[in-house]
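Before I ask anything, let me first share the structure, which is written out below as structure tokens.
Just so it is clear, A, B, C, D, E and F label the chains in written order, and each chain counts residues from 1 on its own.
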Amino acid sequence: MGPALVSVYVFVLAAFLGFELINKVPPMLHTPLMSGANAMSGVTVIGALTLVIVAAPSTSVLLGTGALILATINVVGGFLVTDKMLSNFGGRK
Amino acid sequence: MARLVVVRETAAGERRVAATPETVRKFVEANVDVTVVDGAGAAAGIDNAQFVDAGAQIADDRAISDAAVVVSVAPPSAELVALLAPGTLLVSFTAPHRNLDTVQALAAANITTLSMELIPRISRAQSMDALSSQANLSGYRSVIVAAYQLDKYFPLFMTAAGTIRPATVVVLGAGVAGLQAVATAKRLGAIVKVSDIREAAKQEVASLGATFIDVPDAEDLTGEGGYAQEVDDDFLERQRAALTDAVASAHAVITTAQIPLRPAPELLTQAMVEAMPAGGVVIDLAAADGGNCVLTDTERVIDHEGVRIVPGHDFPSHMPAEASALYARNIHALLSQVLDNGDVTIDTTDEVVAGSLLTHDGGIVNERIAAMLTGGGV
Amino acid sequence: MLALGSIALFVFGLKRLSRVRTARTGNGLLAAGMLLAVVITLLEVGRVDYRWIVSGLAIGGSIGWLIVVRAKATQMPEIVARFNGFGGAASALVALSLFWSEVVERAGDGTAAETLGATAAATLIASVLIGAATLSGSIMAELKLRGTVEGTPRIPVRAVVMLVLLVSGAAAGSIGLFASEDPATASLLVVGLLVASVLVGVVLVLPIGGADMPVVISLLNSFSGLAAAATGFALSNHLLIIAGTIVGAAGLILTQIMCVAMNRSLLNVLIGGFGGSASDSDQSDYGPIMSADAESAAMVLEAAQSVIIVPGYGLAAARAQNAAHDVARALIARGVTVRFAIHPVAGRMPGHMNVVLAEAEVPYELLHEMSEINQDFAHTDVVIVIGANDVVNPAARDEPDSPIAGMPILDVEQARRVFVIKRSLSPGYAGIKNALFEREHTVMLFGDAKEVLDDLASQLS
Amino acid sequence: MARLVVVRETAAGERRVAATPETVRKFVEANVDVTVVDGAGAAAGIDNAQFVDAGAQIADDRAISDAAVVVSVAPPSAELVALLAPGTLLVSFTAPHRNLDTVQALAAANITTLSMELIPRISRAQSMDALSSQANLSGYRSVIVAAYQLDKYFPLFMTAAGTIRPATVVVLGAGVAGLQAVATAKRLGAIVKVSDIREAAKQEVASLGATFIDVPDAEDLTGEGGYAQEVDDDFLERQRAALTDAVASAHAVITTAQIPLRPAPELLTQAMVEAMPAGGVVIDLAAADGGNCVLTDTERVIDHEGVRIVPGHDFPSHMPAEASALYARNIHALLSQVLDNGDVTIDTTDEVVAGSLLTHDGGIVNERIAAMLTGGGV
Amino acid sequence: MLALGSIALFVFGLKRLSRVRTARTGNGLLAAGMLLAVVITLLEVGRVDYRWIVSGLAIGGSIGWLIVVRAKATQMPEIVARFNGFGGAASALVALSLFWSEVVERAGDGTAAETLGATAAATLIASVLIGAATLSGSIMAELKLRGTVEGTPRIPVRAVVMLVLLVSGAAAGSIGLFASEDPATASLLVVGLLVASVLVGVVLVLPIGGADMPVVISLLNSFSGLAAAATGFALSNHLLIIAGTIVGAAGLILTQIMCVAMNRSLLNVLIGGFGGSASDSDQSDYGPIMSADAESAAMVLEAAQSVIIVPGYGLAAARAQNAAHDVARALIARGVTVRFAIHPVAGRMPGHMNVVLAEAEVPYELLHEMSEINQDFAHTDVVIVIGANDVVNPAARDEPDSPIAGMPILDVEQARRVFVIKRSLSPGYAGIKNALFEREHTVMLFGDAKEVLDDLASQLS
Amino acid sequence: MGPALVSVYVFVLAAFLGFELINKVPPMLHTPLMSGANAMSGVTVIGALTLVIVAAPSTSVLLGTGALILATINVVGGFLVTDKMLSNFGGRK
């Protein structure tokens, strides 16, 4: 079995897992959950990291750094804003 | 084909009748020849014509002497006993413990008597159980009468013109009448407190959403056949003490405590009545057996220091049509056991017949009554 | 192996984030998972030049932080949209960066597909397409939410336009990566792909109404997860594949759930033309109103120690007395002190509330008349107003010209929190507005009283 | 410090009193000097001593002439008007449309009259709203009386002695009294059917779990102030047709339909009463305004072919203590608007005072009554 | 790629199998997934000698089929235990077969770990250990269920014994595969591993009571899934890994759920000594009684077209009238015809049922007296008896000596199915046994009437 | 990343998926679900299949065939018995 095929296995399993993970979400959590998931989709940050490991400023490094910045905004801002939304709930933590 | 005669009640205040067109029709269908004494149903709103329509003949009192079966509501008067031919089957309330001489007369006249109050309280005899059907009505009526008599709303109301506190109703005795009184008073919104001495009554009261007044250290005093036992004075004293507070805050007290064939327990003393709020009402359904309240007068409503005391033994006669319809069905159900294609057969092996048989073959069959006559107590 | 820890954090984080009581820790777990993923990656890339990495992380982090601290509570949805766009853009840029570094800058022989491998090349195209479309779509969504772009402009033959864009973009990308051996041509074609993708996002979102934007953002969010996963394929990074796919799938389910909650189908939303502007409001009489659902209310009630229930005509009209009693019972079972406050003129006849509550056998001891209980509201955690309106209307006290001026009212405002159960913002008998509904600590639970209370009771038991 | 006098009611059958020890105490606290006419509370079970305890003086009728404020229940008799000094404030029911000459006499005597039935039906005036408080009591009472009069259980019972069908109660007019009658009859287990001509009444009836009888093609006939409009004969005809079946199967009909200051609509014809089952009851709470039933006699219960027709306008006097307590609070609430540290100030800009003002400064202030006197209709 | 289809079938199959309404199709999907997996594997192995394969499949298939058709309904749990043992044994045998073919029969140089690779070797040991323990444990479980082995024999220092067995087994296996270069020694050591593993299963299950066997079987089932996954690692077969792991994990969750349902903790069960024999029964007066929970009852009710509710004293005692009305309402909302049959002496006073049902405002039209409704039971799908006993006791009709002989009863037996809600098998007022409860089509729903009905109502709405 | 490591990924994802798959099982389904899952754990049958592909009856082939037979019993019997249990429910299919 080729590595690409295994990646497909991984992809399919992850998709099933993602589908199963979320069942019934109370309406008040729609936005926070979306926001948290959005922050998580900034995981592309780790892709960017692997691309900007050289010193020379080439197009690719600049593009990668742009990606890194944007992804980091997404991640950091996303988690912060989610937390801010949730802080209003005041339920037991 | 036996002849069944429906008497016209003569007791004071008795407005019921022992048969209705509905049961007459059923008897006629079962090959019984029914004669109704002229005017027997009048007080219950049933005229002769309706009986005739149902297949009965109308006759005067003399028909009774020809009857194989005579049905009546109130215990037989001396006149009625005199009219009965030997061997006649009489089906009626008899209140034997209060009418011992009538019982003797019935035995002497060789009348077979099925006494409605002696029918055993078993599941299958419930359709004949006139004590239940009449007590149920009395229980309902007692609350309607109390509400009518009281210068007080039953329910709680919080209104712009102030809050109206609900009436408190205390029910003593949670038998058939008591439970129905509880249910009706609850329906109307009163606060209902109940006392009884049978253990099972507690849950039964709770099943209607009312509260139970516990007598401290009381054991279960359930006696034979699901009835209560007679209690001693010491217990009564403790019970009255437990009731004092509840009664003192009660707008209406409905008493229904009875012991079969015995005087009713005295649960309400004069002092307890006097402690009630002015304008209060006591309704004593046990009046016929001496009453649960010492002050009860069977004949009339009395006013004792602003508290009205209403005897309730005749409540079924307040609603004679309804009461008669039920009683007549009870009579019919019992006679169905006894009449076979129009002929009377007394099967003393049958639990229901044996239980309700008072006099037969010239003797007094019921042992407790026989014992009372021979001098002993129960 | 550490990557597995990161995945576990993502899984548990998302799961907790979808339950009210655990949502906040869930978010924390997600953030921890992300941190771990970054650390793992840094460990893996080993000793390298950290210049770009550090500055990228620092700049991005500060900007993200700044955006959030400056945001007002009402702007949250816009900000989510913006962040989402950034995420998409990042994925596209990663793909482009890969393309440039491996194809353009190396300038080796053969097509890009030969250099990168077919899988990587194909997913690189997907990454650019999805990422760029997410970016432009998110920008559109933000503008719509802000009201900068309004209405639901119809794009003629939108489906066809969309198809053309998709096909041409994909074609440009495919030719660029699979056929073109010349890096310059290839990069030109990739730029074409980029442009087409951006247009796809615009065409997708433009005709959709502002009120539907949350659904759209959720969908775009799912896309940006998929874009990340595609990047993962291109970079052969399993962590990226897994995290991206999980969030993509979960986002899709969330989108679906949101559609159901809005009683719309996803297709319906995407066809657009509905939804009007996001700031539309039916009840123009009222300022901002907070409303919630039974679950949130139940959460607050569970934390309460004292609750007062205020019934009104709506309770009787909905015949919700048994449901109200069920709620009271459930709270009492949890040790909460529960009382009913009965206003003397609640309902439509004297004692109306008493009559209906007696039907449900609410014990008399729980019922308190206004004069008895009015001073207790100040020490009460939560008040539940059920279908009452005039009798809790502060206008009676505050507005001398009001038709109910001077009527004593139940002072529910004094309580720490007020829930009001009614079907809408319609007035009661007196026909007037009720400022109680606008109070900061008032939360409306809209719906038929019986239904809302049944829901509440089942949440509490 | 104004002097307030509580009159002793003289109207036949009137047992209420316009103040109770509770309200007397409040007046005294507010610096009002209260005098109660000797025996004023007797019929309601309140003796002079209780009033004295609360801070009132006891005096005879002559005290009325010295009063600044006089409170009464029933509309003032000619004798009472004669006793009042000019400028006195009289607070009472007045039934102005039935007592036009009394109104004229009051105006002529320069009495300021606040008529309890003219208090506007607005939310804040509900604590003064004696029509509501008394109607509520009448509605409750009407069901208790019906249950007392009927030879019929209200609830459904399925028993060993057969099934007892529930009583059917028809309530005409779903205002305050009607709704309370509906609620009480429902509580007791009756099948309740209701008719009214206001649209809102439909939902209000449903909120009590009863059924509404629709009149075909009826529009909403809500008039001013939430009251009903007077309807034309054609509509009445259709309404009666719609009611016929329900009434024919009703054991009790309770009628409460009224139009302010107008005769009550005739909803029950003789034929409809005759179609009722024997033993049925009609309770007519609109009796004072001519009754909703053509056969109603204000003075007595009549028996029409086995159906009893009970006038209900005096039901509050059946429960005088309860009724007086509520009425006295209404009076107190109204006077609290008018008395300022014991002094009377009539502020005609106040909606409630202006609405209930009947005569003032020698004239008839209420326009509708004034119009009736100058010959016109409403 | 086909393997993904098989995985999808497994996932959806398990999911549907855990919901009442879809359980049967779920099982079908699982079976289809398995068939697909077999087909894929046959395609992959290509053109080979099918002799063993065909005969193995044929023999195994027929035996499996035979066992099932001969099984009585009461033996199901035993059979599941047996099959489970076979599954575990199969995994162990696969591992052994691999060992023999690759190590013993090839007799190459070096240790087995060198021949097979370290991962394969390690998981081979796991496969043998788990598989063999599952086999012996399952056999023990079956014997306990059958009652062949009774009681809960205490094994002194069981934990120590267990540890020793595990350690020595693992040691034997490790030495055999990682250290021994001689195939003969290695195979001897592997047999040692096998023996230790078998003992582990015995020691694990022996002291656990028969009543806890379902939990044990579920746990062993989870193990056999893990054994299969281990085999997958050894064979580098991803399909096997995935399917085995999914079922292993799902089985663990199921075990946990079963423990919770029995109000036990898993540890508690495993420590053993509890649970007595599986056939224990408290109510010796009665023959076999069928009981169920609200969900199952709700499922049956949903499929019904006509339902009659028979209230008795227990309804009043539990004050369950509102709950009963809620159930009736929920059924009516589903289009079911619902009536209440009122026996004239139900309860403790004339009209008791009428009084309490009126409190809950059950419309009079729904109430039918005995004579009116008795002949309708025969055409009724489901009867729900709520806290009634004497009034539905066939003894009144069938046993002339019964204290209630001759009393007319509600003929609920005639209905297609009867649910009886009461707390226990205790008698009613008349104090006698009720054979209705033993009828084949009667199902008891034990519990307080209010609680059971509340549950039922929420299942139905 | 080595193939073994990817297998571990696959394993972990599958385990998460298995855990998420089953949430709340009504008691009446405990046994059928256990039984169905048990049949599924006979998936080891595909392992056995790959081992008995030669004609010569060696020890390994005999062991493999034994495995094949047992696993097939488990699979076939397991699904059949589950179906039998479920056939009693009679709910809509």
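Details
The criterion applied here is as follows: a contact is a pair of C-beta atoms (placed from the backbone, for glycine too) under 8 Å apart; a residue touches a chain by one contact, two chains touch by 3 or more.
None of these values were measured; they are calculated from a predicted model.
The minimum number of touch steps linking subunit A to subunit D comes to 2.
Between subunit A and subunit F, two chains of identical sequence, the interface residue sets overlap for the most part, with shared numbers making up over half of the total.
Among the remaining chains, D is positioned farthest from subunit E, on the basis of C-alpha centroids. Relative to the C-alpha centre of subunit A, the farthest chain centre belongs to B.
With each centre defined as the average position of its C-alpha atoms, the distance from subunit A to subunit E rounds to 40 Å.
Between subunit A and subunit F, the centres computed from C-alpha atoms are 35 Å apart.
Chain centres here are Cα means. That of subunit D falls 70 Å from that of subunit E.
Subunit B and subunit F, compared by their mean Cα positions, are separated by 74 Å. Listed for subunit F are residues 3, 6-7, 9-10, 13-14, 16-17, 20-21, 23, each touching two or more other chains.
Residue positions 11, 15, 236, 238, 242, 344-345, 350-351, 355, 358-359, 361 of subunit E each touch two or more of the other chains. Residues of subunit D in contact with two or more other chains: 126-127, 132-133, 136, 155, 157, 159-162, 164, 187, 189, 209.
The chain pairs satisfying the stated touch condition come to A-C, A-E, A-F, B-C, B-D, B-E, C-D, C-E, C-F, D-E, E-F. Listed in rising order, the residues of subunit C touching subunit F in the complex are 1, 3-4, 7-8, 11, 15, 236, 238, 242.
Within the complex formed with subunit B, the residues of subunit E that make contact are 313, 316-317, 319, 344-345, 347-352, 355-356, 358-359, 390, 396, 403-407, 429-430. Taken in their complex, subunit A has these residues touching subunit F: 3, 6-7, 9-10, 13-14, 16-17, 20-21, 23. The residues of subunit D lying in touch with subunit E in their complex are 155-164, 166, 189, 191, 209. Looking at the complex, you find that subunit B touches subunit E at residues 122-124, 126-127, 132-133, 136, 176, 179-180, 183, 187, 200, 203-204, 206-209.
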